[in-house]
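Two complexes, one shared chain (subunit A), two partners (subunit B, subunit C).
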Partner chain A sequence: MKSLTAAGPAALLLAAGLLSYPVVFSDPYYLDIGVTFLLAAISASAWNVVGGYAGQVSVGHSMFFGIGAYAPLLFYTLFKWPPMVGIPVGIAVSVALAVVIGVPTFRLTGHYFSMATIAVAELIRIFFGTWNLVGAAIGLQGPATARGWWDLTFRSELPYYYIFLAVLALLLYFTFAVERRRFGYYLRAIKAGERASRSLGVPVQQTKIKALIFSAAFTSVAGSLYSIKTGFIDPESGFGILVSVQMVIIAALGGAGTLFGPLVGALILIPLQTATNTWFGGGGSGLTYILYGGIIVVIARFEPGGVFELWDRIVPRRWRRKYAA
Partner chain B sequence: MLLLQVIVGGLLLGAIYALFSSGLTLIWGMMNFINFAHGEFVMLGMYVALLVVVWLGGGPAVFGFAAAFALFVLGVAVYLSLIRHVLRGPMIAQILSTFGLALLLRYTAFWIFSANFVSLPQTSLSGTVNISGILMPVPQLVAGLVAIMLTVGLHLLLTKTTVGSKLLAVSEDRNAAMLMGIRPDRMQALAWGLSAGAAGIAGALMATAYPWSPSVGETFGLTAFVVVALGGFGSVPGALYAGLIVGLIQAISAFWLGPIYKDIVVYALFVALLWLRPQGLMGKA
Partner chain C sequence: MLLEAQAVTKAFDSFRAVSDADIAVEEGEIVGLIGPNGAGKSTFFNCLAGDMVPTAGRIAFAGEDVTRASPEAHARIGVGRTFQVPATFEDMSVLDNVMVGAYLRHPHRNDAREHARRIIELTGLKGQMDQWARSLGTPGRKRLEIARVLATSPRLMLLDESLAGLTPTELQEAIALVRTIHEMGVTIVIVEHIMEVIMTLTKRVLVFNQGHVIASGKPEDVVKDEAVIEAYLGRGQHIRRERRQ
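So, the complex of A and B:
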């Protein structure tokens, strides 16, 4: 509980800020930014478990996001069931996929895992683009108007905000709980040195697969929340490589492998992204992605630990000691 | 006869895959590093060819050299300014660096050239030849044959020349090479130049025969991964065989199943390969 004393006040402040945000910024424009931020923070935090803590950089997490996004709308389209029925189904399929991908690729080095994840995500994206059951290239749509609260189709963004916030809190709580268990130490040991940790008795393969399962499940939930909220999904917005990229960049920006890193990353990137979209015109111009690429290169070159480490170096030592564990 | 034509077309495209994949495998073999921006290097080679043709009116030999040279310079610059530094950093920095570079190059190309498909204006390479009943467009034929020659040339450069020996020495043991008076940094910069140059000229060759847009880089990058995984990491001859095989599989699956399925088949092959032979078909266990 020692490091809680440092993280505690900051976390409380953050929680208070997030809870009161919609009250302070009730304008739909700002509320939309808040919802986008929460969704980005959820997916990046989910990625962070396997990509950050365990250091296995997946660049194909959109496969789990997309499966999670398609499942609710598929159940609605086929049987007119409430979309949220699809959430557990999406989780189940994503977990199965995680095992299928993880077992062969985790035997190899980190680069190979990254390569394999991109290939699988692309494979699924192209496949969904040709599969008529899931609407091929056009995609699927959700209920236009709510038939009842169980459709989770709201006019206002406010209910989504608090639903997303609750999911984020749950995910961060689980990550926090895992972080200080044996499992969390295993993850960091694997990241620091796979061979060394194996020789010390860490069940490397098993731990990596468990981390991927945990990560895949929550990424799938993020996808489900996205498609239920927007009421629309197509192969590009579900499985596109940029979906994966966003998770990686947000986690890396804030600090991959730290509990609040992805949150901080989303806090920086989402307003920045909204601003570039507003100034330079919508997503079509691609300037946002030039910015993404530039940020990634600069982080990798100068600050691979994310802004948290930068903070550690810039803030004077004397001032920091107060908060040191 | 149609099937035979499909097979020859696939092999010729596969030869170009082999050329740019040999660049990827060179870097992988030498420094155990994957360049996620390799497909973007191919894409840039295509646009360099286009610009040279449109602005300077150069022939295939001119824009081929121009693309190779421009990308060689870019490769060396990327190594010196970015890769050299992240090689010392953690794994995540290594993966992110070229991945970010890929996004930067791809979307800058989108911004400058727009997302529309373009093709080279008619060059001196045109028409079709009839080889005992198989109709082959001349640009495709020349591009494929030149690509094979260049891939073999790269292999000979690595195995038969002093520079090649130095490159291999650095990849085998950096410190020992340094003790022998070889500068590893300079050799690795050269390897990046050669790798990007191979991608650039492959792009220029492909531009003579196929239309393209800025997004082709992503597909080519993935294709190069598949070729390298199939041929074994670090092996140029492996890349040559695997490139031809991938080209062939794509052409046949496009012919039998439909063009949309050609990439699905190749990526599925890649995933299957991961399960069955993670070290590559010709790689050592």
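So, the complex of A and C:
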């Protein structure tokens, strides 16, 4: 309620900034950072529904991202169909997986749930690494040159930028709608206390699974967008643990369980990550681990609520009350 | 009979926290559950609320067997409960806390909010409506718990020491609140240590000791019961008298 009214003008500013970014920074290097940022923001916002609002910290969301990423390129490889045919298929498989995974793992709480999700994602990664139909360890490739617009294979990053931005806007709009509905209240209640929630008639298990389905569907879309844009996917870039950890870190950095938290987190992490990778060159991926580790330490030590909480603490109460009223 | 529990037993390994306990509550009653610490009141309470499945025995609510029903099913059929240690949703506002309860019978946001506002006004939390639950003190939290349950429109409310830890003035206000809720037609079962609450609110009490119901009846009679004095009240009254002197 507070974040909503206070964030109103800020959101408009942000939207204007995002819309005009490619115009201001038309250089391909900066455009690529923008596209990477949007993709990270979509994944983290999708994770946020179940990991942030409902407080069920999944560290295995790469399972949905990977499925979403493989589906388009698999259809292209097998039947030469336009990759985007794979998007709904990826969603369907991810949703099915969410139900199958959700029923047993949601009986676990806290760390046990997180560990179970890591285990499942790793199993799928290893399985894809040996499965010949999906290219085993080598992975899959998309169309090298576009046969038409429907292949969504563009030379410039510009079309991707606006497609991704539209998906992000749609996801945030849905999340905003969820936040205001009974479903959203139930999610926050579950995070605050399962026992008390149940005593008030909140169908905890069912609500968690619904949240995971919503989250899985959008994470899958993020994966599809990634592989369609990159034209390549392998077990590590689809199902690797870094994919999952990145979603968690971005959401936690910005503020898990807030509408714009993941977006703010991506706004900080992605430029930072790109910069460190550029400065230190080749040893990039190892450095990513170090960066993530450092961020985890800083968040855990100084501000478990993320940047949004920091805002709560820094901005004087009186000043905020004006918005809250 | 609104609530009827027969021969309820709850054992943890070899320890029987509740042993062969019965309770029968008519619609419109206020029934007290008393007994020394560790007597099994809360365990029995948790069985009645669906939070624990009894090892043996049968519990029926409004003629329906609810022995194995989940806590959320209990809430749906009209059994609401508070917790001994308030379990308010700390990072949500008072209004949002109550709205979670209100959503049970009012699926739409505006209806739920309107209902929650009415309940908040009734429970005297109007001034704190937009505060975080975590900013409330103990009395506020206990009130919020009651408000949240009340928002689910229960037929039966199980209050687990909801009036403990209050100052004399707060206690009087809380007793008045329980009365108001009762007058709204809600049947109440109340676990309480404070005899003043039991004496003023209830017409019938059950006394627990070591997992057994050792006495039941009018509070003024139970207080005179030898077994009860022996088990619990004797010592309590004795200390009370000492304090007054």
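Convention: the second predicted complex is superposed on the first by the 306 of 325 C-alpha atoms of A that agree within 3 Å, B and C clash if a C-alpha of one lies under 4 Å from a C-alpha of the other, contacts with A are read in each partner's own complex, and residues count from 1 in each chain.
The rule we apply is simple: a residue touches a chain if its C-beta (ideal position, glycine included) is under 8 Å from a C-beta of that chain, and two chains touch if they have at least 3 such contacts.
Keep in mind that what you see is a predicted model, and the values were worked out from it rather than measured.
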item	value
Overlay on subunit A: subunit C relative to subunit B, clash or fit	fit
Touching partner for A:A119 - first (subunit B), second (subunit C), both, neither	first
Partner contacting more residues of subunit A (subunit B vs subunit C)	B
Touched partner set for A:L73, first subunit B, second subunit C, both or neither	neither
Partner chain(s) touched by A:I228 [first = subunit B, second = subunit C, both, neither]	neither
Touched partner set for A:S199, first subunit B, second subunit C, both or neither	second
Partner chain in contact with A:R107 - subunit B first, subunit C second, else both or neither	first
First (subunit B), second (subunit C), both or neither touched by A:A300	first
Partner chain(s) touched by A:L287 [first = subunit B, second = subunit C, both, neither]	first
Minimum distance between Cα atoms of subunit B and subunit C in the superposition (Å)	10
On subunit A, the residue positions that both subunit B and subunit C contact, one per complex	none
Contacting residues of subunit B [partner subunit A, same complex]	32-34, 36, 82, 85-86, 89-97, 99-108, 110-111, 218, 222, 225-226, 229, 260-261, 263-264, 267-268, 270-271, 274-275, 278
Touching residues on subunit A, where the partner in the complex is subunit B	51, 55, 57, 59, 104-105, 107-112, 114-116, 118-120, 122-123, 126-127, 129-130, 241, 245, 248-249, 252, 256, 285-287, 289-290, 292-301, 304
Of subunit A, residues touching subunit C in the complex	1, 180-182, 185-186, 188-189, 191-193, 195-204, 324
Contacting residues of subunit C [partner subunit A, same complex]	49, 51, 70-72, 74-76, 80-81, 83, 87-93, 96, 99-101, 103-104, 107, 109, 112, 130, 148-149, 152
